[in-house]
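There are two complexes below, and they share chain A, which is joined by chain B in the first and by chain C in the second.
The block that comes next holds the complex of A and B.
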């Protein structure tokens, strides 16, 4: 009786569930299965227990990739959100065509293909004659090989990433800003609050739900960073990560193991370790939010 | 009775013939080949010519249809590896010989030795022997038909040479070339890109001193074949090049832009940059030429060579796929292909065709390929771990930066490469 009553509803969600099962659930389950096997795609998979996981956890490249990722996340997420918030406040202060102009201008890097963005930045970072080195030269500073010096490579990537991601986050934050009632600012002004106090005591608290989304999304994106370091270092499946692996990140390492080393079992285990890390971080974010709301 | 028997036999014969014809027709109609090519070959004039080849082949093979799919380098490899795992391989495909081992390991490449041996001797004799040998890791194993290839060339900006007061006669030895580079720097230009930035440019300079015998891998012992004495000399060369280089890699767009804008004198790279430079010559008056990379002694040349290949996937379409691959790599097609793109290829008979060998880029490329060193041989045996190329780049760069002496750098490099291969 109940099934008959709800049949139309089940029918309506069926297309999504079928596609979800085929293209999401099945790959996850089969990936989990292969993560316990030695498999190169041709031979039948051979069960190896947790050997793939222990091999990855003990590998030097994994440690390097995770170390790079930790520094990258620690800088790029807060910096990217601060820049995006600054841009959103700036654009929000304009009206009419100027608001449209700045919004579109800052959003432009988001729609730029990654390879084009990387080409532009390789030119900007070029030693001796690149835009940045020419600018440094005006201040009497010597040329820096930003993309081939292991002490500057990570920061060079962070600058590119902030440039690209700021536009996307700005649009989200801008939508949040538009939803803050103007009466709150008027009341604050009447009470003598200056611009900074308005931002700290009205804008940021009112933006909290949007900021939560932006922080969570930025964290998840940062943990999966791949295309920008891959392109900036001119990587391929046989050589990736740049000089001294300064731009080696987990997804790059995983792809290299899969398609360069044809070790699909190891790559699947890598994917699960990374997924576990992403799920943990996301769960912590939600827990922090609940704790903060209760408080 | 006899008449009845004849009629009966005739009817059976006709029925068999009809059934056979129907079967072969149905089989032929079912053959739809997927043909993956490099994305450069799937656009403009190159695509038009590939389509022409397909049209000619399908005209002589009724019922066969061929779909051309263009893919970038990494997408080709990833697609073929994933296709082998999922049973969705393209029937005929291009890729580089340097990823051959991965493709053999995942079962993406059919061993076409028997099909090859069944071809007429006249056809088999058309190919460059070393290019063909590179497809044969062991006797009775042939995993590809060699296709386009390159030997690295020394592109020279003649305006920069003139401004630096350098005689445009090509340098014949490394010392002569180095002398020119120093004069170029003194005149305020960049001599070369940073040759330590990518693996292939390191190999190009290694070849000025060493040869294929002391480069690549010994897969039996899992050790590098790099000779420490040769590598010491090569690392010393990189130290000398530091003040002369532009800091950009040979592959950077910035390097090409410097060359086009008359700020860079030399660019060691394959012939694929020539269309860009030829366009710049037309548009902005760039004066350039291309010569062989000089080695340590007169007559020896540096540079690397590598071939793209055409591979055939195992499976029900393998026979017709091989026929198509053989058609593509046959002299008539390779000569047309070479003329269109001015690109060297592995069909020696096509390269000797007077119309082809008259093309300057091909003439120099043939000599360059013959004198150059295979970049990652032997192929089709073991997958080169990523730590191998990274180690070579890291230690060459570190030595150029002064972190190692050339002797210490060479020793460290070889130790680390052996560790990497052993892992």
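The block that comes next holds the complex of A and C.
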């Protein structure tokens, strides 16, 4: 009786739920199973306990990838958000057509397919005839091998990354700026606050929830960076990470183990380790927020 | 008096200069790509950095060569079909489910929706390998459905549509029911038309995402017959490719055109869609 009454509801959600269960829930569960097995996709999986996990944790590539990731995140996330906030404030100070124009111009790199940003920049970074090196030449500076010198590679990636992500975060921050009541600024002006004081004491605190989202989202996506370093280094499954693995990141390492080394159990375990790291960072972010809210 | 009038102008000039400079940085790489394509072949790429296009016909000729003499056109078609099928599926399945989750109550609604929301926080890194293995076990590698189907249950799309469908007035649904409309008719004739805007926004965002997707096609369609634009562009740019810079840039530009066109037409919807995903998510 009750089932019959509710049947139409279940029929409407059934297509989504079936796909969701098959291509989201099942892979997570099966991935967890594989992560404790040695499996190359052909032979039957062989139970190995936590061997996959310990092997990854002790591998040199994992240490390199995590080290690169730590430096990358420590620079790209704060820098990207600072630039995005600057852009949002800049665009917000214009009105009408020009506000729209600058917003769209800054957003344009986001619109490009993600894989394309990396490929275009590879040409700009190219040694000798690349645009950037030609520009350096004008100032009498020598050619820099941006993508093949292990001390500059990471920064070359960060530049591309900020070029793309700034516009994306800017749009989100702009929406947040629009929600700040103008009376607050007027009251502050009457109290004699200058522009800078207004930003520090009104804009940033009022933007806090949106900033929190942007920081958390940037962290989560930065931890899974793949397309850009993969394409900047011209990687393939047999050779990736660039010179001296200077642009080796966890997801690249995981994909390499799966499709280069054909070790699916190990790759699945890698996914869980990375997820654990991401969940930890996200949880820390939320803890930090509730701690600062209580203060 | 003079201080009051001149100081703002200095700041205004600086502000404009900064805004224009940043716009140049943001747009120049795209503009440069256009210039390399629309110039005579053989001109040095950037010893004299090309600041404007010099030859329209040469650019058209390069595009013709790419389309007729390489695999590019097929990849274009495949990416387009991949995107269209994904959009159709995400919108259909997402809106059907969103209709129920937002407007009705039934046993299990809260827990199911809770699981879907939770899934938004699960990184792709953990699902991509097992999803690939499942696709492979189903025998779907190198097929269009292998490319499309695993991406159809979009939790993000469902969440976005639920936000919009919540605004559908309950009275309208009751009135339609009293008039004898079936459950599906209410969805089709009332809920869908009312959230057309959200559907369009979701379709555009899904297009951008699918067109730019690199990782999933890279592992699922490893045969040249099913290469997407992303993969072909990757080949053109690979260190082993024997293409000239002109050809590589043409390949790059062609990959950028559909999303750029979409943006020029739907800029407002795209920007609002991104902003909304941030402020409501």
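Keep this in mind: the second predicted complex is superposed on the first by the 275 of 295 C-alpha atoms of A that agree within 3 Å, B and C clash if a C-alpha of one lies under 4 Å from a C-alpha of the other, contacts with A are read in each partner's own complex, and residues count from 1 in each chain.
Everything that follows uses one rule, which is that contacts are C-beta pairs under 8 Å (C-beta built on N, C-alpha and C of every residue); 3 or more make two chains touch, one makes a residue touch a chain.
In this text the structure is predicted, and so the values were computed from the model without any measurement.
Participant: Put the two structures on top of each other at chain A: do chain B and chain C fit, or clash?
Facilitator: clash
Participant: By residue count, which of the two partners contacts chain A more extensively, chain B or chain C?
Facilitator: Counting contacted residues of chain A, the larger count belongs to C.
Participant: For A:143, using the defined touch cut-off, is the partner it touches chain B, chain C, both, or neither? Pick first, second, both or neither.
Facilitator: Only chain B; A:143 stays clear of chain C.
Participant: One more residue to check, A:217. First (chain B), second (chain C), both or neither?
Facilitator: second
Participant: Which of the two partners, first being chain B and second being chain C, lies in contact with A:261: first, second, both, or neither?
Facilitator: After superposing on A, A:261 lies in contact with chain B but is clear of chain C.
Participant: Going by the contact rule set out at the top, does A:40 touch chain B (first), chain C (second), both, or neither?
Facilitator: Only chain B is touched by A:40; chain C is not.
Participant: Once the shared chain is lined up, is A:271 touching chain B (first), chain C (second), both, or neither of them?
Facilitator: Second partner only.
Participant: Between chain B and chain C, whom does A:127 touch in the aligned arrangement: first, second, both, or neither?
Facilitator: Only chain B is touched by A:127; chain C is not.
Participant: Should A:245 be classified as contacting the first partner (chain B), the second (chain C), both, or neither?
Facilitator: The answer is first: A:245 touches chain B but not chain C.
Participant: Just chain B (first), just chain C (second), both, or neither: which does A:53 touch?
Facilitator: In the superposition, A:53 touches no partner, neither chain B nor chain C.
Participant: Intersection of chain A residues contacting chain B with those contacting chain C?
Facilitator: 41, 119, 122-123, 129-130, 234, 236, 258-259, 264
Participant: What residues of chain A sit close enough to touch chain C in their complex?
Facilitator: Going by the criterion above, the answer is residues 2, 6, 8-10, 12-13, 15-17, 19-20, 22-28, 30-31, 34, 41, 87, 90-91, 93-94, 101-116, 119-124, 129-131, 134-135, 163, 167-168, 171-172, 174-176, 179, 210, 213-214, 217, 220, 223-224, 226-227, 230-231, 234, 236, 250-251, 254-255, 258-259, 264, 267-268, 271-272, 274-275, 278-279, 282.
Participant: Okay, in this complex, where on chain A does chain B touch?
Facilitator: 40-42, 61, 119, 122-123, 126-130, 143, 145, 148, 234, 236-241, 243-245, 256, 258-262, 264
Participant: Please name which positions on chain B make contact with chain A in the complex.
Facilitator: 73-74, 77-78, 81-82, 84-85, 98-99, 102, 105-107, 190, 194, 197-199, 246-249, 251-254, 257-258, 263, 383-387, 389-390, 393-394, 397
Participant: Once bound in the complex, which stretches of chain C touch chain A?
Facilitator: Contact set of chain C toward chain A: 15, 18-19, 22-23, 25-27, 29-30, 32-33, 44-47, 49, 92-94, 96-97, 99-101, 104, 106-107, 109, 112, 115-116, 119, 121-134, 136, 149-153, 155, 158, 183-184, 187, 208, 211-215, 219, 229-230, 233-234, 237-239, 245, 248-249, 252, 255-256, 259-260, 262-263, 267, 270-271, 274-279, 281.
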